[in-house]
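Have a look at these structures, which come just after this line.
Shared between the two complexes below is chain A, which has chain B as its partner in the first and chain C in the second.
Take a look at the complex of A and B:
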């Protein structure tokens, strides 16, 4: 029965496009328009990739996307040009991102389970408060947070970037999971209760296995946002050996001396690559995770 | 022997009373059906017995022991949900073994129990499948299998057939009855379908607004409904209710006025001019009344031919509507006038408050 409603909504959404087919000329115009707009949107990205393959003096002298003198020199310079190999920064980024993903998945799913399935005093209030934290600008809490971590002696370590994520601080992910968990029929919980399972067993054996789409979504977003983050590492990491890839990119641009644009663009291209691959691989899951509010049975 | 006893069981949500002091004693091995209109509290009552819903007042006993605060899994009860509630990510086998694994039963015994239950329900070939690969009827069996493996003292069914199509529903109904005969456990079955109630139950509990209206065997309830509500709820098509006025009280007889006709019946404990309700089931009204009482003539408004039966809808002289189910195929047309009557045994009398008289 749930299946049927799902299907019909889906069909309706898909069918809406081809109820009225425009003429051949109309379609050609539409596609031309779309191609032009797509190109405009993509141009900066394409420029970055092509410039990373050009010699330094060609980058700003031509707008052409095709390198006249193809070279991988910028990649070599970018990878080895700093006092620490760029590969090391990649590794730092990876460690932080993976830890954040793990922390978010564990803590946010537990918080979401509590908000959807456990009864406790002031549940509604705490949920609203939790959602309220999403509205709070990051900059408002930055200084108190920094001072706190300074007191802990955590500045210039990855701890401020990772440890808080194990305490369910990302309200967005909790919210996303709450929405998904709400769609899992309560009958399943009750059947498990009849089977003698307690809250923990229900969470681990019933809820989590059924929540793969939303967990994947949270994992991918969590990874991308941490990987892309420039601000937090900038605040908390001082030594170049601890830099993430994003901080590494910054070091190629120098306000006083010569900036190495070629190396910057080459490393930027490499930095985008993992995210791009991740997105392509998980695109279907992402959409499912966001779109699925109900459970398919 | 009583396996399950409810003493003044109550359920309140804040100030709203959902179950109002239900008393019930159920014998071991009985098949009990809770029936009533939606919102009557039958599912709530079942869930309280299951342990899924806390009990606000009164005492629930299983096997003589108070279990109000016992966890659901420790009450020796298994439940089949309306939605089946099969775990979608587990195979049929895992669905059935989950509860036993939770109870930390040895693997060999789990396997034996699951296979035996699968055999009983003829789902052995489905054990490796996931629920979404099963048909509605197969899912239903798995849900029952999940209950069987736990070897409960009491089975609870919450409208288990409502998701099946008509044909499968009849078939599964028969299978549940057979299952009950085979394993002999106490079963409590919730439904709003009176046919399921009549066919399955040893005894029926008719509920309305959180109270028991009547508790008895299907035929007791059909033949001697305790009040107007039960009379109207059980039986299809619905019982006819006629407004009658007591015109005369004599020794041994009471005369009732119905649409200008006088009906003389054995003495009813009432007063002259009292307004009563006369209930007669459509299948008990005939148009070839030799004995019994003659009712006012009816004017036919609509006829339904079912082949085996002919259902006649009509109105009496004073506008009261009347339904008659006649056996066989009859040539009756709208606007015809029909003389009808019924035997006294099949006449039910209710007072102004709806309670049965006599």
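Take a look at the complex of A and C:
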């Protein structure tokens, strides 16, 4: 932004129509800045992937991002680096994440449907409470929840990670769906009521089929957040056979004591890979989901 | 009661009953979840916080002793507060500034917007994972990438940034700032809302670009800045994974990365002091509530609303 006078001269020449677009010099500077920032942003990730494809002695001997002696050896070492194969832990993560997606989609869409389409006493009250739970940090309920699941004999199983999601515990997704359901025209339900359809049929035949975008957004975020979750598995899963990929990776840090960076980076790359694939496939959905609801992460 | 009479006149009793049944039927999973997994545990943990409950025995009522000890006789609590507040007060403004600057740069109608947006967003999608914490450990280690680059460029032999107590926390701040992407996307959406003709009118009046930024863009964006600020602050108070992985769960070196949540975790699940940890949890709830309330109060003075 150093050459304001220069720019305004350009603007005057172009006329006042396209006011947002800077001059050629301004654009070039912004491009250069963006490219530099992008490179700094991506460098750690590129380094991770490229180091995982190098032989161990090459990781630190050169800062080049292109492996001179391409090898998958680090992946082989990492995959079998713990007493339980990483494949098994990936499977555990996948099972938990898929079940959480199913639980969230069913329970949150039901709650959102009740909040937006059904008339019953106390609806406003419950809705306000639901919004209140979004603000509440999990830490306040953590210990009693843990003790309850301990009593149920659920600790060291996937149940504490999965079952709560079937009870719409992620209020955020209810909120997301409420926003979307409100936009579906009411004429559609009213026409269906005329035809004698009950609430269940309207939910299944009208609301859900029209809500595919928001269901997909909720599903993708749900999957990614569960896949990435570290805290809940850390508390509830004790045996290495039950570990998720995230827990496995963290155990691997201790096990290798930083002596085998190649293997560690190879497994890091693998745990990020599913998220990266989802990101590439659903980029637009994710970005729109954030832009419209202001959700985080 | 007149309400019931009129609605009774409108719809037959069976239909109204059906509505109630359907409403509560669809809400049932959430209601169960709310009572069993949120309200019940919240009440219990409030009770536990007033007891000496630990793995050793059943809870005995001790009144406000836990809270008293937290405030007066727990140096690690104050360390954790110090670390957490430093983290929040550094990472949130930096993240906001980065997100805003990049969003403004991207909002110039340049080509390749989608590419840049995707690149900047990616870190905030994966940044919370263990893999990225592991990566950060490698980057800032004594023989890590950063020191390699420093040595290659300037011949400077850097220390181990993560095992040095005076720098470890700042590597975590950098990790947080690296994830500015989702705030940036919200800013971009906010920038799109600003009517184009305001800029046109301003430039006809001869307002420079800087002036337009400070007189139009920034004031109209204050609601979004506020929203992002509140969410980022709550998130920063709850940060856990990176500090846990980078410090091996200890909050070290010498408690320099002892985030509040990490201390809470240690008390609850390493030392099994459930009563004390519950009190710590409620202190965190109150701190976050105070911060949020203060933000809303301050909003009256700086957030610009149309009406």
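Simple rule for what comes next: the second predicted complex is superposed on the first by the 243 of 297 C-alpha atoms of A that agree within 3 Å, B and C clash if a C-alpha of one lies under 4 Å from a C-alpha of the other, contacts with A are read in each partner's own complex, and residues count from 1 in each chain.
Keep in mind that, in the parts below, a contact is a pair of C-beta atoms (placed from the backbone, for glycine too) under 8 Å apart; a residue touches a chain by one contact, two chains touch by 3 or more.
Every value quoted in this text rests on a predicted model; they were computed, and no experiment measured them.
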{"item": "Partner chain in contact with A:190 - chain B first, chain C second, else both or neither", "value": "first"}
{"item": "Contacts of A:206 with chain B and chain C, given as first, second, both or neither", "value": "first"}
{"item": "Partner chain in contact with A:27 - chain B first, chain C second, else both or neither", "value": "second"}
{"item": "Larger contact residue set on chain A - chain B or chain C", "value": "C"}
{"item": "Touched partner set for A:87, first chain B, second chain C, both or neither", "value": "neither"}
{"item": "Shared chain A surface residues [contacts with chain B and with chain C]", "value": "1, 295-297"}
{"item": "Touching residues (chain side chain C, partner chain A) in the complex", "value": "18-20, 22-34, 36-38, 40-42, 44-45, 48, 102, 105-110, 116-126, 128-132, 134-139, 141, 143, 145, 148-149, 152, 178, 182, 185-186, 188-189, 196, 199-200, 203-204, 208-210, 227-228, 231-232, 234-235, 237-238, 240-241, 244-245, 248, 261, 264-265, 268-269, 274, 277-278, 281-282, 284-285, 288, 292"}
{"item": "Chain A - residues contacting chain B, complex", "value": "1, 185, 187-188, 190-197, 201, 205-206, 209-210, 295-297"}
{"item": "Touching residues on chain B, where the partner in the complex is chain A", "value": "50-52, 71-74, 77-79, 81-83, 85-89, 98-99, 102-103, 131-132, 146, 150, 163"}
{"item": "Of chain A, residues touching chain C in the complex", "value": "1, 4, 7-8, 11, 16-22, 26-27, 30-31, 33-34, 37-38, 41-42, 44-45, 47-48, 60, 63, 106-107, 110-111, 113-115, 118-121, 123, 126, 129-130, 133, 135-148, 164, 166-169, 174, 198-200, 203, 224, 227-228, 230-231, 234-235, 246-247, 249-250, 253-254, 258, 261, 264-265, 267-269, 271-272, 275-276, 279, 283, 286-287, 290-292, 294-297"}
